[in-house]
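Chain nomenclature is as follows: A, B, C and D, assigned in order of appearance, with residue numbering initiated at 1 for each chain independently.
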Amino acid sequence: MSSFRRILIANRGEIAVRIARACRELDIASLAVYSEADRAALHVRMADEAFAIGPAPSRESYLRIDRILEVARRSGADAVHPGYGFLAENAAFARACEEAGIAFIGPRSETIALLGEKTSARRLAVEAGVPVVPGTLAPLDDLDLLRGEAERIGLPIMIKAAAGGGGKGLRLVRDASFLAAAAARARSEALSAFGDGRLYLEKALERPRHIEIQVLADHHGHTVHVFERECSIQRRHQKVIEESPSPFVTPELREHMGALAVALAVRAGYRNAGTLEFLVDAAGHPYFLEMNTRLQVEHPVTEMVTGLDLVKLQIRVAQGEPLPFAQADLRQRGHAIECRVYAEDPGQGFLPSPGRIVVLRAPAGPGLRDDSGVYEGGEVPIHYDPLISKLVAWGTDRAEAIARMRRAVSEYAVLGITTTLPFFERVLRHPAFLAGDIDTGFIERHLDQLRAAPSDEDRDIAVVAAAVRALRDRQSARAQGPVPGDATSAWRARGWRDLGPVR
Amino acid sequence: MIYDATVDGHTVRAEVRAGSGEGRYTVRIDGRPLEVDVRAAGPHTMSVIACGHAHEIFLEALEGGYRVLLRGRVLDVGLVEAARGAVAARGTAGGPARVQAPMPGKLVRVLVRAGQDVGAGQGLVVMEAMKMENEIRAPRAGRVKEAPVQEGQAVETGALLVLLE
Amino acid sequence: MSSFRRILIANRGEIAVRIARACRELDIASLAVYSEADRAALHVRMADEAFAIGPAPSRESYLRIDRILEVARRSGADAVHPGYGFLAENAAFARACEEAGIAFIGPRSETIALLGEKTSARRLAVEAGVPVVPGTLAPLDDLDLLRGEAERIGLPIMIKAAAGGGGKGLRLVRDASFLAAAAARARSEALSAFGDGRLYLEKALERPRHIEIQVLADHHGHTVHVFERECSIQRRHQKVIEESPSPFVTPELREHMGALAVALAVRAGYRNAGTLEFLVDAAGHPYFLEMNTRLQVEHPVTEMVTGLDLVKLQIRVAQGEPLPFAQADLRQRGHAIECRVYAEDPGQGFLPSPGRIVVLRAPAGPGLRDDSGVYEGGEVPIHYDPLISKLVAWGTDRAEAIARMRRAVSEYAVLGITTTLPFFERVLRHPAFLAGDIDTGFIERHLDQLRAAPSDEDRDIAVVAAAVRALRDRQSARAQGPVPGDATSAWRARGWRDLGPVR
Amino acid sequence: MIYDATVDGHTVRAEVRAGSGEGRYTVRIDGRPLEVDVRAAGPHTMSVIACGHAHEIFLEALEGGYRVLLRGRVLDVGLVEAARGAVAARGTAGGPARVQAPMPGKLVRVLVRAGQDVGAGQGLVVMEAMKMENEIRAPRAGRVKEAPVQEGQAVETGALLVLLE
């Protein structure tokens, strides 16, 4: 058992900040790495030490195993925390750390390789007696083969990246005529994201729920599950709202899914924190999808209902400490919901909206947690994932958690970039969401209702605010003497795209 | 001052005049008078009290107007000084449709060429931005007049991708 | 049982914001009142409606029962929440609300009168079999009488305001020759704060702990206690750090004190939320001090360990709902600590430091809660209590809560005014605090160590930052053309008092 | 630029020079060179990396210097351009001591008068501010030279309360 003194965080954004906070609480020095685009990023400000690793594109910085390891060696890091994304599920990176004698905070490299290849994970599940979604058990590299398998399984079908994760390289196909195009797109995205274009197929279930189980395993033979997270609210196959407990999961289903998750983790010889993703059909049957061999974006909902700090537990397990609890000691208390605040425009199909943050006021007060990676005046770069913050609300029950989250969203102010916050405001009022009647098709199905028009009073107040502000800007511009052009030139800040050129 | 204010597709006439007392204004919206008490609380924040109702407002200057954030709801308000003439007609109704890049990024695929007929919702180009491939689709049916872009090209926000007629 | 639709919040600052947040989560309209100094205050921005009630001094605004009731009537409020301070323990205000048919969210006016007069509360405790600190059981209005009683009880002695609370009108006397002066000062302060200069005496215990018990009572005969808060870290007899559970309280003492608190509350016919303050001597004997018939400043530590929302419960009880739990349902989970962030200068004996807040960056991430009443660019007025925020950290145990609070204090940035934050940074590292070896004399006893000198590295980095900034300011001033006077004139912001005139 | 920088009672000579590359500076503190990489992150915030160590810094301009906030620790740095001559001697050592109002407030009691001898820590005046009575005490023993204030008087920050000699 060793005690880490210095942990290198091989990531950026909110998760790097999250890990730096855990290090500070444990009195461990946090070592940040940054690309040229991130010199002034929040994760650099929050760390104890910081090292440049290359140009803005991730391939030249955050994905450069050689450079990150060189920094780790040079700076005397005892351990590396990979966060999620980037190198978090890269077996070669974990192996390089192992070989350099630097602890990788996660499972062993061979476990990552075994579970990272999604079809071998599916075969392992079958061996462990865990049901999987019908589909292919080996990766496909050939379009004709893929077409044949698709016919065998039957449409609708999901095309997935064998090396995949995070919704990348994933396509739903309902119509055979779109199969080839969708497969080509998926392969191209998978190649770009993972450097591996191989695909596999899964039967698309009707209105499935996406429910996952968090597991923790130490190096002393103890494996526990830390209950479920409901992740059915997705756009473009990426989660946007998660909660725990799931409003759908009964105590019996929870116990059943927890046992399946532990069985698979034990069979895989799993160590540290990991998550087993399941689809659950309307009848309540779970089907294993894949295992994420790292911290999940949505880990805070589990933390808020269990009181555990999963990042600190990851570090402690990696230090060789036994888990400080048994399965029977774990309890869920109340209900937690997370909204992922993305720099995206829901009005334009969730297209990314990078840029400079002009206003940032996070909500506060009882029952809230904001895990942010940005700050007012800072830049959201085009190069990386557009997640700027995770907002989590806790309540004694689901209704209180939702009411609190609504309150939080109404307090959260972000200007300069477009975010998913106004979209959440409407999801959180939707009757189907309030009833817990959600599945992975929720957003697509209700998209029109989620674009509700503003009320007359809102329009009036917006006009009043804008008109008074315009008058004041004009007056203060005059007070400062003649202005080149007219008063409105001072307004220019960024493109006014909805209205087009008005003058 | 008198403005033509456009918000969510509605255009109204807004007449704003300073009242007596700090922060007091009268705003007439299409003639309806509203007495408001406005206090700045920072460069982008204001507190507006209108008939007892308190509104916390965040504002961002845009070209030709402001983005207004009202407790989780975002409204873009376009303002034109009424003295300068009527509001320009919105361009999207009948004429050609300009499909522009909604963000900076790289074009990984151009799916149409000039002269081709496309249906509403059909994919026109695929852009990569923030590690995702995003398909930009046709806002309506029409014929591609121009597609002045090439695969592999980097584009900025607002760049013309496809002109439909 | 009625359901409130509109609640008037007869307060300002962080507690008004706290109550407005609870109202928003309950879908009840919140009605703020504000003095002329508070038009742009955060509590006005956060409310649904807002009404002016007079000039800046509290006597002409927040203490004006007539004006507040007029606003309540005119605006159609169903209920009034008084917060703490101002009119919260004013029986006349509660009575005026009752007479106007507006629910007062708190106990009945006669209960406030009974317990607000501290000597009658002491007599009630004696009747209920609750031990009290030796002292006078009736208020004293005469200096000679007071001197005689002091001799009888024996020095050291506490002089207290019979109408008191919040540390006002309170003096410790160790030497008989200071008795007269201290009594005069206490009376003057009590008169100014409460309009009632009557005093009483209590024997000053040696190194007592200040521990309080939260109680809740509904209108259906149910009274429960919600465990203890340890409030021994005080300056000028006002709490600055509170925690729950108390590191000193055993399960037996907790049960004993809880039973005493419930007994007294039941005897008083208490309704709604209240707090019984006790001194506990080194042997673990509790002595009742007084009962606060309102929400406490430090209520969040209880909320974080129990999961309850005390403000919402206050509202529900006032609506006539029964408490939704019994004593046996309540559990403490983990540990919570609160630091009261005051606009005060600990280097100058905690003198108030009002002014404009130039920088405000609150901490965030796991296990934290910041209940603030201010914002960047806002003004902390001279007229009111200098509490700007309450920072609360939760952990699975006391050590984790302290580590998290240290992390939080290191993230909390306030400039423009002087705050108690740097002082907390040092308290949270003090060995006696870490060991839980605290009593009401902690700050006074350790004051020198709590003024630790900065490290050499800190001094270097501060000089580097200031010098680079000065160079940049100079360059940007030049770039903008000739500046009247010299470049340093741009630096002027407020008095530079530590160094005196340097040029 | 060369400054005499005073922090926590220590005065050092700080020579700052822009280096090559964005945000690069060399700062010599009493001759010791420090290579730093400085990036502004807003009007009052900067990130400083010095020898790998990352510092998040908030700054506020004061008269004659800056207040620097370093992760919960506050340091006031006085700066004098060295070209203008040596640092002025600190005034508190031997000469008269000016006891000033530390905040705005009302004087409820003046406890001393001119000519009176006082001990260190003895109460001089009682001020009411933010609803509390605060006793202002003598920083050292001495004789009251002036006490130009009256009970009931309102004073601003920095107003002279008592001059000790």
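Basically, contacts are C-beta pairs under 8 Å (C-beta built on N, C-alpha and C of every residue); 3 or more make two chains touch, one makes a residue touch a chain.
Just so it is clear, the structure is predicted and the values come from calculations on it, not from any experiment.
Undergrad: Count the C-beta contact pairs for A-B and for B-C, then tell me which is higher.
TA: A-B
Undergrad: Find the geometric centre of each of chain A and chain B from their Cα atoms only, then give the gap between the two centres in Å, rounded to an integer.
TA: For chain A versus chain B, the centre distance works out to 29 Å.
Undergrad: State, to the nearest whole Å, the distance from the C-alpha centre of chain A to the C-alpha centre of chain D.
TA: Inter-chain centre distance comes to 46 Å.
Undergrad: Could you grab the centroid distance between chain A and chain C? Build each centroid from C-alpha atoms only and quote it in angstrom.
TA: 39
Undergrad: Among all residues of chain C, which ones touch two or more of the remaining chains?
TA: 46, 361, 375, 406, 410-411
Undergrad: Quick check: what residues of chain B touch more than one other chain, meaning two or more?
TA: In chain B, the residues touching two or more other chains are 40, 45.
Undergrad: Where do chains touch, given as pairs?
TA: So the chains that touch one another pair up as A-B, A-C, A-D, B-C, C-D.
Undergrad: In their complex, what parts of chain D are in touch with chain C?
TA: Result: residues 1, 3, 5-8, 10, 12, 14, 16, 18, 25, 27, 29, 34, 36, 38, 40, 44-46, 48, 50, 55, 57-81, 84, 87-88, 90-92, 100, 102-105, 108, 126, 128-134, 137, 157-158 of chain D touch chain C.
Undergrad: Spell out the residues on chain C that touch chain B in their complex, using ranges where they run on.
TA: The touching residues are 32, 39-40, 44-51, 75, 375-378.
Undergrad: List the residues on chain C that touch chain A in their complex, please.
TA: Residues 17-18, 21-22, 24-27, 46, 300, 303, 307-309, 333-334, 361-362, 364-372, 375, 396, 400, 403-404, 406-407, 410-411 of chain C touch chain A in their complex.
Undergrad: Report the residues of chain C in contact with chain D in the complex, numbered from low to high.
TA: Those residues of chain C that touch chain D are 58, 168, 185, 188-189, 192-193, 236, 345, 348-349, 351-354, 358-359, 361, 382-386, 406, 409-416, 418, 421-422, 424-425, 453-454, 458-474, 488, 490-503.
Undergrad: Write out the stretch or stretches of chain D touching chain A in their complex.
TA: Within the complex, chain D contacts chain A at residues 23, 37, 39-43, 45, 47, 49, 52-54, 56.
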